[in-house]
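As written, the chains take the letters A, B and C, and residue 1 is the first residue of each chain.
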């Protein structure tokens, strides 16, 4: 396997922005073009595992679309209806996946380069890092609830919904408050309030491939907009 | 005593709650996504209500804990940012607007934050406007993307669009979500009083 | 000033701290620490040690819930008057739980966080990160994701992330509570190096064994007051009984195997595990292989082994939370399917916060249990035994870490489950609570319960254990009954774990 391209996070962000708006108002053919371009872009950037899934969704759409016009069965029609929406978003999801795979540190450096206030950078970095952790916290709480017989889908769950509501939310709230306290302490004792403009250990620079990607993106946008 | 602007502590609190709310929202959306396949879209109507019901207490706690202007806006922007990373940049614009609406709810007489009822109301409005977003996006796509390789599907999609996105349906989603988040805020407020106000973790104005 | 030496580095004078609800936390506390000194604050949990640490690093001044009186100075400058970033340049703070201190997902970025905040140039940042990483032996881990590290490694990252600032004062709040013995010894090593370099160090800590050679003074804190100060010599000379009386943990490893080992009750329950394999997250990965053992009523089995070896995974499989296993689990001679196991096997997780739902300690014990004539006296007795009676009306979230741990233990003991698995139940406990908890375990075991305790805590093993199972290289490497002569073997097993 070849090594993924090394792109500036700003380029990746630009791709997301442009593709995100291009998907509106595109015909199916244009969406297909967008999809293949972003699929190639994703492939070069190391998105490999989820590509087959996206292709499958695309196939699902075409299949259900075909069966819908052949059989006029309501099942296929609604399948086509919903998969069509997902297909519309596929190019954007691909561009997003490339961006998400960027290490948080590099993303931060892009924000730093744009002179965003420190609090915003910290907020962004914290929420980004915390999304997977929040999932783990919720899972752990549900496991304890199961053990103590107050899980969502248990007898108590049906009989005493308020109890379950309370048992699910209170530990989560307490955890969240505690984590915010600890994280704040950690931030403050590491100079997060210093009134100095942040720098970044990652030096981000535009390279040849960045310019190439941007150029191609511009051409694509031009072509698509002209054809409308 | 109380600083006017958001400090590091507030920002971290908002960021963490945002992540948790996001996580719950996306997990439930997945469930409802599957359900709407099974119920031919019926689940979409209640998905916003259920998600808001469950996240309203967290939202309320966040707003009351931070207790400063800007909390809702920052929360909203962060929410949008996370969507941006998933490849949906237009969400940032939408969420900035929703955030402003939420902030506006808290504007009058400055004492809005830390006031339970006001926060609960702002929370309900915020969450119900927010819940329109997926519908709005789908509506734009459905109406402005010339679709369907086969004529029949195109016609069907147009028909289904009419069923799912006529003003009544959208209004219904809004109202249901508002009710869901209002109940959620009410229950959340009760929860906060029982567990957090009594033990001194949280100070609120009734 | 009564100080003989040069100006003290840290000077706390007549400090009073109370909460907004007028609950006193610190009462007239004074402390002066000279440059280059290593001072340990120890005492029962909830005595205010952490608050003193937070006074020195200034966090207490930013807490709106606290009212503080008295003067606190660092190098002659008022700590309160300093800006938070000025404090962070001088005082490095290491906290108890390293998991929730990180801002980025990669080790190298985390170490750079401080320097980035101070707007340093990338070359300078790299140099500092490099140096801190070498000191903490993290060079090979710099581009690893923090989530994948062991708690010992996380603690090192947390320390290195502070160390890049090159402060001269360090405060540490129970740094060893999430570490195993090997990692704790590494921490002791590091503290020794810092001390040799002339840094001033203040620790709040329960575990004294790894500090007794390093410390200059130990301040015994109780109810927010400095009750007594011990020099190193005085502390080492203190008899174990007197330490225990003050609620302090031991200063060296003393084996107390003699008292009531194996008071085997009538054989009521038995859990047998036959050829059990535990699978990891990725396909085809086996964490533990072909485990076969059985435990009978009355036994308190200590389960030890390195971090990440699969102790917690084993516990999760046993209580039915996880199905990633092959093999049979029999209770009282009958195989029990996964769904049924949670009623018989109760698992108490390491993190107490997840497990507290109630609005008071009392309420907590009655979640899922009816408040009737049988259960109420049991709850009363349990709360008294675990020293929680006075706290019965408090909201669990307002308790200290050690107190929460005892509440989760009490809640588990309230359940009808004959088998109870505890995961690191004593990480935040002082000696007094540890002893109480150990007694409680032994008593309940005598009544016919089975305990499986995942732990690194030598003192707990010595106090409560009747048998030890050590996991190594995916199998049970040691399984023996604990008696008067097991001390050396236990210590050897604990120190050979990976840090």
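Couple of notes before you dig in:
The criterion applied here is as follows: a residue touches a chain if its C-beta (ideal position, glycine included) is under 8 Å from a C-beta of that chain, and two chains touch if they have at least 3 such contacts.
None of these values were measured; they are calculated from a predicted model.
Chain-to-chain contact here is organised exhaustively, every possible pair of chains being in touch.
Relative to the whole-protein C-alpha centroid, the nearest chain centroid is that of C.
Annotation: A-C is the more contact-rich of the chain pairs A-C and B-C, by number of C-beta pairs in contact. Work out the mean CA point of chain A and of chain B, and you get 18 Å between them. Between chain A and chain C the centroid-to-centroid distance comes to 36 Å (mean Cα coordinates, whole Å).
Distance between chain centres (mean CA atoms), chain B to chain C: 39 Å. Of all residues in chain B, those that touch two or more other chains are 9, 195-196, 201.
Counting partner chains per residue, chain C shows two or more touched chains at residues 62, 397. Annotation for chain A: residues 122, 126, 137, 166, 170, 174, 179, 183, 187-188, 192-193 touch two or more other chains. The touching residues of chain C, counted against chain B in their complex, run 19-21, 62, 64-65, 359, 394-395, 397-398. Interface residues of chain B, counted against chain C in their complex, comprise 1, 9, 194-196, 198-201. Against chain A, in their complex, chain C makes its touches with residues 54, 57-59, 62, 83-85, 87-89, 91-93, 95, 97, 100-106, 108-109, 112-122, 125-126, 129, 147, 158, 161-162, 165, 319, 321, 342, 346-347, 349, 351, 353-357, 367-368, 397, 411, 415. Note for the complex: chain A touches chain B at residues 13, 16-17, 19-21, 23-28, 31, 62, 65-66, 68-69, 72, 74, 77-82, 84-85, 88-89, 92-97, 99-100, 119-120, 122-124, 126-128, 130-131, 133-135, 137-138, 162, 165-166, 169-170, 172-174, 176-177, 179-180, 183-184, 187-188, 192-193. Contact residues on chain B toward chain A in their complex (touch as defined above): 6-9, 11-20, 22-24, 27, 36-37, 40-41, 54, 57-58, 61, 65, 74, 78, 81-82, 84-90, 138, 140-142, 144-153, 156-157, 160, 187-188, 191, 195-196, 201.
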